[in-house]
């Protein structure tokens, strides 16, 4: 059984593991106040081209989302997100459990637009009973989105401007940011993201680390007292240096982008094979998640040999599913899957 | 600089690291539903002598405390704890952030008694305005406590009986459980703890793992839907197998107790040296935390060479401080500290 | 200026005020444990034909919704509601502020169906990552709905059956229940509602009282400890007898239905006039809320003499607005509005 | 049976009731945006000598406390209070239910001091693990306290200065403020309170109204968006004018102080009688709450004819109890109780 169902089926990239081994018996202070964390933060600030950024390391994505949002909002405020946004769908109501409504908007391939944000803010302002509704205060986007799609530079810039005009924070969930930055059609880089967003994170869990997300903040309001929140929400790792060490490994020598690029290349290869074999994509994207639409009979056959995840029903006999590549995907496994696809298709 | 200030200054025990390396490129499903977690849970159920226990792995102690308590209580209910309890003092109000009051009781060397619990419950029942006060529903204890002390078998049994009589859950925070179980004066074992408590955890972070706490539940009410809570509170590790793998290493071949015993022995050695040199203990205990009372001038001198943590002021010229040993403590460092102590004392 | 914008523009029905005056200097115990509350609860139990119901009096609707929902749900559970449901739209995220997600469903004239509830529950059960999503545990409906529409007996019975099959509580918000029960096309009565719902409330604020909602519970799980929640959520009125006294006045001698019937009759009269004058209704209903669709120019003219509330834009030149009647509406004011409408229409 | 157990055993002062009757059929907009609320707020601003104060009307004390505190604090912040403070003891954990820890301090007759606040803030700042503890951000005091005592002008001024030095808000719970302002030994007036506190409230429920607390804010940070919080926490009364009308009655022509003065005079009369008859006071105070220490046998006898509330056990045979007077207390009832006391004492 070969697993393609997610990008966290393996441990960490060998260079990450090596560095964990090397530093294992070093003595450091706890809670992320050690030199590895300081150094990793420095590397990230450099990569973002901004020395004034605050960088904090958290263990996972839901934790990062919940902690950032709970720290940013007052109790009567909510966070705007796509209906398909991870915080709206797949975090067991973590945001609501901290007291805040997710103001869900219809999406286009997992994305929302500046125009949608403007409209929602205007409607709130103009509502005669505005105090009876949740005040929008933050926009949450993911990049790549849950559909593997990317925001263009223009889209992100416009969202950023809409947020500033309306007094909202812009928060970018970068759980798979590496696969976005390395994609063939990507238009963004870290300095640009850092300048557009009030806060975002660079995902480690899905991009070569055992675990870890580097939260980067440019907005001073959000920086204030943030470590209290990490502790209160259960995210302060006693041996915090484990996060620093891993991000040192990922950010030194371009490892983060290098392994992302490879995963995207394998995804492209697989995507082309799906299409060639007659299985169209649910959405167009060039990152490490692939969403082919396939006949249920074919899926049943494949499921004996490959792990993938179910996405959505398309019609009575077809479903969209998800295959992921990652830094750990072996090319031979991709080739084996392609060979199996070619045996089946093109069919309808 | 030699650090004794906590038991999480290093990484993980070499056998833990080895096992992480060995399994690093295995493919498994995520979120703790893999075979390593299943196997580690099985080892723990065996060690507790009870096949019906639920076992869940969380990343850290505050997270475990907050998740267990939030899952157990209805909104009008509170958790009884010693004033010195970790949930009352050192978790940035994590329990309150989930909506619950900590009902703090005076402590004796970090411990609370069945009689105190009975009294509080009786007072609540007999209060004419009982509905205007928080309903007690859980007792939280730590063992070893924050002062390194241990509950006797009789004390734990009585607490358990008091809880059952009053319809309370008994929750034991075992962040340092290994150092308790291995202590010279310990009276408890895992089967006894599992039979007395509704829920407890076996701490990994401070006892040989990179991170991880194994939450063990005997009460069926608490077991129900617990994984939803892990996810909602941000504690569900994507690569959940990392927790399983580490607990496999710790629970196989008695490693957990073996390394705890060594740490306790080094603590005993150090404790005797402190006393011999004229520095009395703040509290009597035999686990890995040592609380000598020392003149401030001596502390100042020591602080140039050794890391330790400040505990409390004793009088105008003396303070109590904390030195910890751990699985990672090198005997040569203990010996060097003892030599330095002997050069200073006995003095007053 | 004559106000039709809501059903709480005046104080209380004269018989309610009288009774408050009569009892004003009586001495009673506080917090709703007095004889007036006991008597009012008894009257409600009788009207519902069920002696085992628990009855609690709260001050307002948002408070009642929030308190009931927070008491019923565990933290990982959510409440299903129509997108137009009051808890989803007009309570500033009160439900979310207690930690719970509102699982919003598309509506039909403000109503949701048993089939929708079944589908959502089935999808949750069958979702491979169900623990990553909020668990549905309650269905919230309002009757009359926010559009003035009513559930038929069959619809309510089916919703009730769907809830029982799926282990959900059914909660009916009856802020305007009187206007529903008294409507020409109503099929429900209190015993039937009490048998279908786990909890519902009989609205006083909008139906003749100064304030007050009588929460009625048939499900024993919900009854337990409910007064703690009333206190914790700020809803326990010190002079609780004020609620009892008002509901005594409303429930004795059929006052509640009598004044509701009159308001519905005036609404019918007004509705017919709107339609006769060429202003169609946004939705069909027979309760005290009327939603005519009118040209913006006409609305502008009317707004100088009458208060009404804006509902939604229909097209570039038309909007739907809301006119309410209530127990306090004077027939002469209705007649004056009708005369003004007749002067304008039929027009386009 | 004559009730002295609290100051909310009756309805409202006749002049309040009259005004409610007079205005009953007026049409006004809802939610406190009517002219009565505006006028009552204006009267309060005048009485406080500060036109820039924000005034909001809430229904009850727990609701006011919870709403103000939840609006003021970020999630990692807590509120300092006396251990005997109402928010710590008698609100079913309402503050904690909004996510915040009450940082309870030892009290002196229900009061806390500037020195205690300074010490707690200093300890927090100097704590090496300060981020692991709740950040103090507000001081809550009640005046009169739960023991009927009053802060002196100097004490309040010092608390205010300590709060400003440490960046804390000062919040005064004035549920019984009238009885404080009218007391023989009172040193405070409304302008002074308004200048010392960031927020406080003028209690109506216990001082002549059916219900209602007027929250007064001087700090601009607290004013912002406060109506959202009133709505979210369930405190926005649909017929908000009821609060305005009642406070108009209380604040016009000095009614509020006049009825408070009378209640305090009756309390003084009763207090002297208790002492004269050999029943000492638990604490010294001159407001409307009296705490005599009495033999249990005497209490048993009294309890057949008088309602009073139990306060605390003093020794094996004596308890302290509470008798309250209020605006509604009849002098003949006070005289009857005094006569009964004189028949019993001086004894013991």
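Think of it as A, B, C and D in the order they're written, each chain with its own count starting at 1.
Criterion: a residue touches a chain if its C-beta (ideal position, glycine included) is under 8 Å from a C-beta of that chain, and two chains touch if they have at least 3 such contacts.
Quick caveat, the model's predicted, so the values are computed rather than measured.
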item	value
Any chain that touches chain D and chain A	B, C
Maximum centroid distance from chain B, chain identifier (CA atoms)	C
CA centroid of chain B to CA centroid of chain D, Å	42
Length of the line joining the C-alpha centres of chain C and chain D, rounded to whole Å	34
Sequence positions of chain A contacting 2 or more other chains	75-76, 91-93, 97-99, 131-132, 228-229, 231-232, 236
Residue ranges of chain C touching chain A (in the complex, touch as defined)	75-76, 78, 89-93, 96-102, 128-129, 131-134, 309-310
In the complex, chain A residues that touch chain B	1-3, 5-6, 8-12, 14, 17, 20-21, 23-30, 59-63, 66-67, 91-94, 97-98, 205-206, 210-211, 228-229, 231-239, 242, 307, 328
Sites on chain C touched by chain B in the complex	70-71, 74-76, 98-99, 131-132, 135, 225, 227-229, 231-232, 236
